[in-house]
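Next come two complexes built around chain A: one with chain B, the other with chain C.
Let's turn to the complex of A and B:
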């Protein structure tokens, strides 16, 4: 119990004193996971909406693949991205292994299917005749898609939150493709793993608390956006 | 109410689904300021016809002409769809305020904000929902939802409004109130309307012309007065309020008068036919007179039958009295008469109707 209290106390201290290393790690976490979520948002919402609205052979199979990918193990993604970026891998010429860019790629691969899967479900869950109703209001196809996405904004925001939650808390892929390099690719999760390994539980708990606070802050902001325009 | 200019036209409209023809309408015209009711049971093709005419459904064949010009089917022609409006059975409102819902069609058309405010305000007032403007569309009653849906349709000032059974999910008082308002808005707006319904009263109240549909085909088309007074067959009769539909056979024919056998009872009807011929007889409940004493010597009606009251259904000022006269018969009796005659289920009564009040159709 003392260990936990010490950890919380230390977290508070690190935050209040604006510890440079912790701040850098926190900011990088936010930057990498935020960027990965943003890219996943574009890929996931556009792809998910397209899959949900289009009729094509193999649609069910594709939806199943997306749904399965929602649970991709980060270590498997990390392994795959590492192999692709390895010095004799197919994408070796990019020379981005052990960089924040590689971490963004790996986290995007984890988050995009989550956002896409929830987007497909959100759009498919709208009343089937809503498309006809929107067209009957005089909408063009593009306006119809935009209005459908707007109508499904609550579950779509939930998808974004789930995607962000998935990547901010993952450690396997980040440590594999980022390498946990101090001051360069070290993020909150990899730093926590490292500090735990070294037996520095108070620092590890402090980092964990900061991670939780960060998750809460981001999700609170997203929830505010989600609920903002709901009339009473 | 209607003008002479044809606003919407369909030629040889055919819709097939899974190889089966679900709609076949060789010709349809809608005039300026005219309201046409498509009346028929579920599966008659009313909604399919509305969706086809609104170009929200790709017909298998046929042309749709708006002001004489061909329109592209399957929702591709926004210029046409922006001059019409459609209200569905299930009013699908957006998850926003009532105001924004009514404004949605105008926003899609890029109407300036001030104009939107003005037109939405007008429509909210016309449908008596101005007090709900800022309320969430998810938190209003069924009647208010349908009012919002209608206001949304009329806010765009459409030339043609397609109404697909808009009152089907509403309770009778709400339905009646909304029908009154809609009739007024239709009159004031100058929009033409096509109304799919299976309710004769809706058709009579809102439409100038009536098209009776069955199995994807138009069985009869004419003014509401024509169709109601002279349905072309038993099916049309059953849909225009002739609740008494009986089958019988011709016994004899003389001087324009037929003697018929219906369930072992003899009836005399104006018409022509050959002995042995199977016929269908239809009459409105309003044409059946019910008395508690034998009216043989007091009435000019040729057909008088003793019977028993089986059921009485109150419908406001008028009650539907169901009789068993050896064959089923329905009569409309005012609440006052019912009280005066002291009729209750089980009462022995006499039902009579005139030889001229029955419509006769050849069977088959």
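Let's turn to the complex of A and C:
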């Protein structure tokens, strides 16, 4: 128990003194996961809306595939991305293994299905007559889709939060494709694993506390956006 | 349908390339050096001292991938690393025999120790040889934590069981963590079990463990580190100038002094003993 209090105290200390290394690690976490979430947002919402609105044979199968991918194990994603990016792998010419870019790719593969799955559900959950109504009011197809997405923004934002939460907290993929390189690809989760391995539990807890605080801050902002001009 | 999923992943990759095209400079690859090493060099903090010096001197950027020696050599065998810093002599010899490495040089040593709870249920404290200690642990059925990850320490431990003529694998008291040395020590501390560890990791973690050194000093417990350059003839993509620069750096006089001094201020004793240029036989192998 003392250890946890020590950890919280240390987290506070590291934050207040603006410890350079911790700051860099925290910023990288935010950058990598933020970018991955952003890309997932584009892919997930567009893809999810398209799947939800379109009618095609095998749609159920497709939705099942997306829903299953919402639970992709990060280590498995990490392993596949690593093998693809190896010097002697198929995508070796990119030369991005053990870089933040590789981490963004892996995290996008993890987050995109989460955003997409929730987007599909959100759009499908809208009253079915809404589409007809909007079209009947003379909207173009594009306008209709935009209005539907707007109408579903509460659950869509929840999807984005779930996606962000999924990648900021994952460690398996980041450690594999990033390599936990000091000052380069070390993020909060991989640093926590390493400090635990070194037996520096107080530092590990401190990093964990900072991770939670970061998650809270980001989700608080997203929630404010979500709850803005809440539909009555 | 699956095409659509793949398409969207393709999109993501495309978007990222655009985003990062500006940040990754062309030709940066030759400045990068991938060092695959055992966890003990990182967990003990040695690399944190040495790498900044090397990076400053040489201008290379070192990407340290800290894994077990077994995995480090597997990476080397696939040409996925440029240089290795490992401590698993038997496996290293095989690695060299396969032609996977172009040079292998002695860097430093420390020793393995057998640690366990102060209560010492197997009564191994002060036993002279590691083989006898392992026999006693087996006979008393006391919990022993094995790395179980093909690391250098794990390889050494398997050798010790062999010389003790005990087949530990599958026994109830023999538990494999599959984790790094630091985490395995934590598990051993929690379960009040015995384990084999390198001295450096143990000393750097001692404060939180409550495990004591019970057996040490056996010649069989020597822990020897070599630096291996991955063979560029086999893997043309290996950054061999950088690998050579790093290997040269590790055995240079100044680095060897740094290694010898490392940990003295914190632990009162060095964690590693520099050995560059010596013959392995002189260490009692």
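Some notes on this structure:
Simple rule for what comes next: the second predicted complex is superposed on the first by the 230 of 232 C-alpha atoms of A that agree within 3 Å, B and C clash if a C-alpha of one lies under 4 Å from a C-alpha of the other, contacts with A are read in each partner's own complex, and residues count from 1 in each chain.
Note that contacts are C-beta pairs under 8 Å (C-beta built on N, C-alpha and C of every residue); 3 or more make two chains touch, one makes a residue touch a chain.
Quantities reported herein were computed from a predicted structural model and do not represent experimental measurements.
Room for both chain B and chain C is found when the two structures are superposed via chain A, with no clash between them. In the superposed model, A:40 lies in contact with chain C only, and not with chain B.
By the touch criterion defined above, A:184 reaches chain C but does not reach chain B. With both structures placed on the common chain, the touch criterion links A:198 to chain C but leaves chain B unconnected. Using C-alpha centres, the superposed arrangement gives chain A a vertex angle toward chain B and chain C of 160 degrees, stated as a multiple of 10. Contacts of A:112 after superposition on the shared chain: chain C is touched, whereas chain B is not.
By the document's definition of touching, of the two partners only chain C reaches A:62; chain B does not. Judged by the number of chain A residues each one touches, C leads among chain B and chain C. In the superposed pair of complexes, A:132 makes contact with chain B only, with no contact to chain C. Contacts of A:5 after superposition: neither chain B nor chain C is touched. In this overlay, which is a superposition and not a single complex, chain B and chain C have their closest Cα atoms 26 Å apart. Overlaid on A, the two complexes show chain B and chain C touching no common residue of chain A. Interface residues of chain A, counted against chain B in their complex, comprise 127, 129-130, 132-133, 135-141, 143, 147, 150-151, 154, 229-232. The part of chain C that touches chain A in the complex is made up of residues 1-2, 4-5, 8-9, 11-13, 15-17, 19-20, 23-24, 28-29, 34, 39, 42-43, 48, 51, 61, 63-66, 78-80, 179-183, 185-186, 204-205, 207-209, 235, 237.
Listing the residues of chain A that touch chain C in their complex gives 35, 39-40, 42-43, 47, 51, 56, 58, 61-62, 65-66, 69, 86-88, 92, 94-96, 98-99, 101, 104-105, 108-109, 112, 116, 179-182, 184, 194, 196-199, 201. Remark: chain B residues 51, 54, 56, 75, 78, 81-82, 84-86, 88, 90, 92, 94-97, 100, 104-105, 108-109, 134-137, 139, 152, 156, 162 touch chain A in the complex.
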